[in-house]
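Below: a set of structures, written as structure tokens.
Each of the two complexes below includes chain A, the first together with chain B, the second together with chain C.
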Partner chain A sequence: MAIRRLKHTRTHAHACMLQTPLDDFQEELVIRPLHSGDIYASFQFRTVWDADFMGDQKVSHYRLFPKSLGQVITKFSVRELHISFTQGYWRTMQWGQPYLPSPPGAELWVWFQDTVTDVDGTWKELTNVLSGIFCASLNFIDSTNTVQPSASFKPLGIGNVTDHSFLRYATLPREIVCTENLTPWKKLLPCGSKAGLSVLLKSEKLFHSTFHSQAVHVRPVCQDPQCRTTSMELRQTLNVVFDLHTSGQGKREWSLFKMFSRTLTEACPLASSSKVYVDVTDNPQFELSPATPLLTQAVVLGDRRTYSVYDLTQQASFGSSRSLNMLLRWKAADGEMLRPLLHSERYVAGYGLQAGEIHTLIYNHHPYRAFPVLLLSAVPWYLRLYIHTLTVSSKGKDNRPSYIHYQPSKDRERPHLLEMLLQLPPNSVTEVTVEFERALLKWTEYTPDPNHGFYVGSSVISALVPSVVAMDTNSTLDRPLFSSFFPCKEEASYFMRVYTEPLLVNLPTPDFSMPYNVICLTCTVVAVGYGSLYNLLTRTFQVDEPSPGLAKRIANVIRRFRGVPLL
Partner chain B sequence: DLNDKAGQFFNSGHTNNWAVLVCTSRFWFNYRHVANTLSVYRSVKRLGIPDSRIVLMLADDMACNHRNPKPATVFSHKNMELNVYGDDVEVDYRGYEVTVENFLRVLTGRLPASTPRSKRLLSDDRSNILIYLTGHGGNGFLKFQDSEEISNVELADAFEQMWQKRRYNELLFIIDTCQGASMYERFYSPNLMALASSQVGEDSLSHQPDLAIGVHLMDRYTFYLLEFLEDIHPSSTTNMNQLFKVCPKSQCVSTPGHRTDLFLRDPGRVLITDFFGSVRKVEITMETINLSSPMEPLPER
Partner chain C sequence: MVGVPLWWRTTETYRAWLPVNQINELAELQVCLCYRSMAHWTRYVHPVLGYQAGCHLRILNEILARDHSGDDTLSVLHVEADLSLHTLSASPCGSVVVYVIPETSVLLPQGVDVYIGHRRTAVLRMGAPMSVGKNHKQLLAHLEPRITQVVQVMSFSHTDITAALSDRVRLSPGSKESLADSMRSFKSSPGYEITFSLLNPDPKSHRLDWDIEGAVHSYIQPLLTKLAPLANFSIDSQILYYAMLGVNPRFDSSLEAYTLNADSLAHVINPVEARLGSNAASSNPVLNFLLYVPDAHHSPLYIHDHQKQPVASNAFHSPRWGGIMVYNVNDLYGRGETPLPVNININMEKVMGVFLAQLRLMLGVQSSPAPPGFLVEPCGGAGLADWELDRLMWSRTVENVATATTTITSLAQLLDQIGNIVINDNIASQVSSTVTSLQLAVAELEAGNLGFALQYSKEAILASERAFFDPSLLHLLYFPDDQKFAIYIPLFLPMCVPILLSLIKIASEARQRRKLKQSKKD
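Right, the complex of A and B next:
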């Protein structure tokens, strides 16, 4: 089995249009069987474009890079943009670490260029424009759920900026993801959903899954090791985990057709590289067909894994049936999963509708190494945190954070922001506890369904986790996309981000039918009480003769004519 | 004869078509209101109105709701025959964004400056607009998301604002709620035609439940309206009088009503595609063009 480094050639623009900057598109799908029997598929579509968005020349000719995003970047002077839409929660202990983590709901964080004067105003306009592009309610992002993290969200592209006033971060944990978000996301791809790997993206199968996450990441990257030229990179990623029982019918056998109800027939003609990687590190347990001679090794998430590679640009990959449908069949049960080193949980404790406690548990499963983590929590203003009750303890002993950044909330203006640098002892659980009190909202601030509860966004834990295998620090080498997302500065550790669960908290909710009830009751009391009294005081009784029968009435008429007194 | 047909084609006087489709109900048991709106959306898209000209407002998500046994689908017929959600759908206002204020702002065009184009009704005085509302209603009001209401007076005033700002050429208003006819009683602006699924004092009923999904899938009036629209194609010449006959009392149990006194043209001469479809400007030419003759290259500048 030969291990080959596959080179990709850049698609050069046509000879008579040399003044247009060069752009390049790569697409990739990684299929990773999980130990619980589920299967994890991760799509990445990467467009790299040499255009200088901040230069004097206005960028006007778009080829592979989508115009809607390019105009957004230029108009709002965006340096980096990361937006993700997720349905479901990533189960780290059952599935391992994802290639690209994301919290449930919608998450948006943006680094603006330092030429922006009014960052808050630009942020508000940017969220409105993005809500139109992605058909999501991102216009609900305002100052009550936006924070400026001071340490957790460093730029993922190039940039030495340390001024965090140009960074904004917001989450909408309640945001739903459905086909209406997938449709505009697919329209940003150069081949749309017509050719290449994107033909597999059918909503009926993708949303019938345990976890679905689609994201767009835009950042500037270096072109060469000395970083003399920079280009703009757009990565569109889609991660999905199919459940063994709901999608797999309980049988541990997966194929592209079973997962996506489609097979691959061709690569995207605009792509310089189009590959499918299947993680075969646990190969003796399962059999992969059709067999491929191409194998590659990559160091990702601190582990060296082996992958079978299908190159869709080669016609031979499709075989005689002109379609590629990988089949993975399990023969034996799996061995032990590599235990994820960093894991976290979060929950609300307490009873009643007045007070409570938020507990965040961070697990370090490394047997002998301790490492620091950055914990970021953004709590909405209606949960009033009592920071003097903040306790951090590991293994029963007090663990003081070496760096705390806390910004208190302001009612109806700002949420709480708490960032801490914690040192996690080896093989331990660190518990962060803080008490809170619930606020009473004004009656117009309740959602139409307040008894559902109110969401608190996920906490973010960012860490440089020690790696078992030496990581590759050369970022310009040709590597599979899934291993080159997070920049790697040192060999001994890799960057990881873990998101906790969002919290659902019940706030004291009034009975909204009470105004109507009060009006009815008061009016009834007034009508019965006052009305009766008024009648008693002012009603007079008169004697009234009953009306006479017909004969008597005719007789009375005749008597009136005669002038005689009536009966 | 050809000139007469061409004259008939350009009779309506509108140059573009818009649609504002609103579902005002939240919660899983109101699945049928979302299915109603999506089936009108589907028909309107099929007959030619593009997504950029449709403002779709859905107050709740049914397709990816955790109670939906078939995610990313919304069915209109039982036994899951027709998925009206489809693969290519763009919802402009969803969830908590569907409020009376946003609806009136969309109609009158008074939106904040940073509102994206897909959320605006950018109609002009040559636009024919289709407005479809569905949800729970009563005598003179329509309920939005179980927390607020729009009254028929507000709606009539919004249409008058639209008329004075020259935001429509002709407007077709369809409402499928209980006592829907009360919503168009107060209209007073010209060029409005209205249809409702039930008269004042009557309830609009739902069509049929699906036992696998567990809720009623569609309302009767919109179900028969969808069946009627499935027979229309972009070049069909069916006129409005046929639309008024959709869902008689024997099928709908309620009596559908309509109002045409404010409409200047005769409803018998108004095509269904004037509102549900999209105008294509066609120029009739009498000369023949030979497509197989070799092309002459353009002279170099």
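Right, the complex of A and C next:
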């Protein structure tokens, strides 16, 4: 806090005559070597602006905060906005927990201010505008894939809003993330891709990876420890996992240049802090060069980790070569990874094209602590859930959820929403199954490639997981960005969100030439019927004499031959 | 028999009724509209003159009587007269009151025949000496050409209307200059977004601060408040870092400065525009004003015009887009000892003066040079006189009416030509509300109620745009005939076979019968 205060007074000194709201920009990169030999890089860019977006006065003069996003927040009275675009699925059992989880595809959830009267209309307009800003198909978000979770998505910023009628949540599991989404995302940064950590964000390397996720989080935060005034915080995060075999050519050796084909030469001049962290908790296994004397400890995801810090605002970090290209080289390939405490799987079971069953498995790997989790699944209307078949069992025994919120679907209007509060017994697998029936779609409702199947978005598991070490509850302490996203209220546990795999379900798919075949067939039948009727009506009937028999004809031929009169 | 109406009913496209006749009438009406309103206009002035001439002369004399203390007050006399005449008779929007004063009056300075104030009043000196005995009619006939001249300056003239209609109606092409003038200002729109952007190409060498909020409040806002009846304006600003110009300025060793030529200015905007970002939250046109502060290695930077002379304001504007100003700060750097980045506070008065002038151009508040003998009060704090606003409102109303008429006529034409388009009820209601608003606007124009006319014309334009760009029009737009053919051919082809066969049979029977008849005749 002291540092932040100091910086504020410094900025204040030369801007005192302006009276403009103060803003502050920080950038950060965390590199975590993974046990599988892959490498995980997580960027966070944070802009905090002491402007009151929720007041009556219109915010219109922007400095570091991007204008395009600010205008959207002002116009649609958005309180919190969280949007993520992800390509690939995060493998929790191999890689551990991500700093910021996100489901495959696109996810958008928004808390509106309580002054909004027509929330659905505003949501529709907002998704259309956001789809323009991020070049994504967010305009496909409509009432059939939007839900209002009652408990799973609480505001992450300040504010004790509990009325979930101002919350909208939607996922597009099919969304494909590529360069055209990265460019507008980079445009929101004050330094663009010209200076600082963002020079590393080159699409040719970023999208040559096994996992890529970029997100934008806007929320109101406290300006001071007493929380008298609020500021708007914009966090832009980008997480990427580079594969050992495709990007690393199978060698357990990573450098900034190998990952991003760029090195760092300077910090963004607008940033008040610009740091690179490398997770060196498992350091005996690998060596890091250039070595840095700066080490810091942070409690993140229930574990105390040690990080080497490179401060880019200090010229010394760049050394004599004036560029920073840190190198990680593994000495040994073995080592045990700390098993994630919470993890889940989901799949579709059953056979045939009529009925099926969704299985969700939630693993609690904690040896002796039970903890509650909130499970949210939003299922499209064309899978008709039989909610009476819902069973929850752990360790072979029935496990009654203490809270169930179920909103049945309406055909072509809204999806199923199922939220449950489950108690996970220690060291157990909890299985949630529900049967469903596949609905028949109208022939215009099929996607262009219907045989690919239909996606069902990830289920969301939100939990307060018991922590091994005491968590930092002081939210105003100057902590690394990656450890300060989810607010932490108590020392003994930390908040975590896990997304399951999205499902791919085959629906009964008709032969699309069928309508034409039917037209042809019926028309032919009609035409044949018409033809015979027509014939019947237009033909004239005459009495015809029966033709003479064969013997008589032969006899006549002989008679003609002889010149005798015919018979 | 049963099948045909059923088939007809199920395959027809829904088309709501549209007031096509009225739309066609509107298209015809348009040309005579502006002239009629203008003719009415002059008629409106005459009675004012007729009955007010007497009593107002008295008032002016009073002012003179009160204020003839010395010569130094003489110069402000006409200003005060303007004010007190205004307070005396609050003239409605769109009207002009002309006061005629005797030839010998000292109210106006020597050599000035007409004085136009801040409001909707003009003071006209009676021309040639007039004997009092002449009758009313002759007096009016004498004054008429001069009053027409005053009115043309203060409300609208033929060229203004032509300029307003230049996009819709192709009238006789004027000179290239006037065409450029008419293209410069923005099209009429219900709202405008004004964006001020500060371009900082090198945040490492200088850190810029601009008090945009205060500057907007003191320089731009008064003008926009005045223009509020015309359109909604929203102002925002941003600072863009690492924003470069599209061209590399040339170093001119004789000036020891970098120069941008007029020819290369066209290439400056494009790369910057990618960074500006459009306003996602509205679809109004955006007026961009950019302030470019060149970095230490490329300054000072001067803009040169076509004659290779430096432009005094160091700024240029792009028609219907906005303006760019280059702000050199190299003299603020000191002697190289100051640590980078240097903190620089921008002198907003200098910047806003340029941007305000550009904004006036963009909005079409052009001050055409007054005819000789006219004294036009320079615009004061508000930046816009009442009659200038009226002038703008006249041309905007006519333009709105023209635009809405063109839109609605072309929509009607389109719907007439393409039979597959579905016309929903809401489109029909938009179209009819457009037509009603247009008729009302025209009626108000003819009655001289400018404020209402503008209001109705805005409504008309909104409704017509909504109808024209309604997405439901597109649903069946592409439904080619060969698809219909493909659906019907399996039915009609087999059905044709017996019919054709029987036709052939009938023909052959007829031929046989004829042959038989012929042989019988023989």
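Convention: the second predicted complex is superposed on the first by the 498 of 567 C-alpha atoms of A that agree within 3 Å, B and C clash if a C-alpha of one lies under 4 Å from a C-alpha of the other, contacts with A are read in each partner's own complex, and residues count from 1 in each chain.
Operating definition for what follows: contacts are C-beta pairs under 8 Å (C-beta built on N, C-alpha and C of every residue); 3 or more make two chains touch, one makes a residue touch a chain.
Everything quoted here is computed from the prediction, not taken from an experiment.
In the superposition on chain A, A:Phe512 makes contact with chain B only, while chain C stays out of contact range.
When the two complexes are superposed, the chain touching more residues of chain A, out of chain B and chain C, is C. In the superposed model, A:Val129 lies in contact with both chain B and chain C.
Of the two partner chains, chain B is the only one touched by A:Thr447; chain C is not.
Touch criterion met: A:Ser60 reaches chain C, while chain B stays clear of it.
By the touch criterion defined above, A:Leu288 reaches neither chain B nor chain C. In the overlay built on the shared chain, the residue A:Gly531 is in contact with chain C alone; chain B does not reach it. Legend: residue contacts after superposition of the two complexes on their common chain; A:Ala370 is shown touching neither chain B nor chain C. Shared contact residues of chain A with chain B and chain C: 129, 132-133.
Across the complex, chain A meets chain C through its residues 14-15, 17-20, 60-64, 66-68, 71-72, 74-76, 129, 132-133, 187, 190-192, 194-195, 266, 269-270, 516, 519-520, 523-524, 526-528, 530-531, 534-535, 538.
The touching residues of chain B, when paired with chain A in their complex, are 26-27, 61, 63-64, 70-73, 85-92, 94-97, 112, 114-119, 145-147. Those residues of chain C whose C-beta lies close enough to touch chain A in the complex are 195, 203-204, 207, 209, 211-213, 234-239, 241-242, 275, 277-282, 341, 343, 345, 486-487, 490-491, 493-495, 497-499, 502.
Across the complex, chain B is touched by residues 87, 124-125, 128-129, 131-133, 135-137, 139-140, 174, 176-180, 183-184, 202-204, 206-208, 447-449, 512 of chain A.
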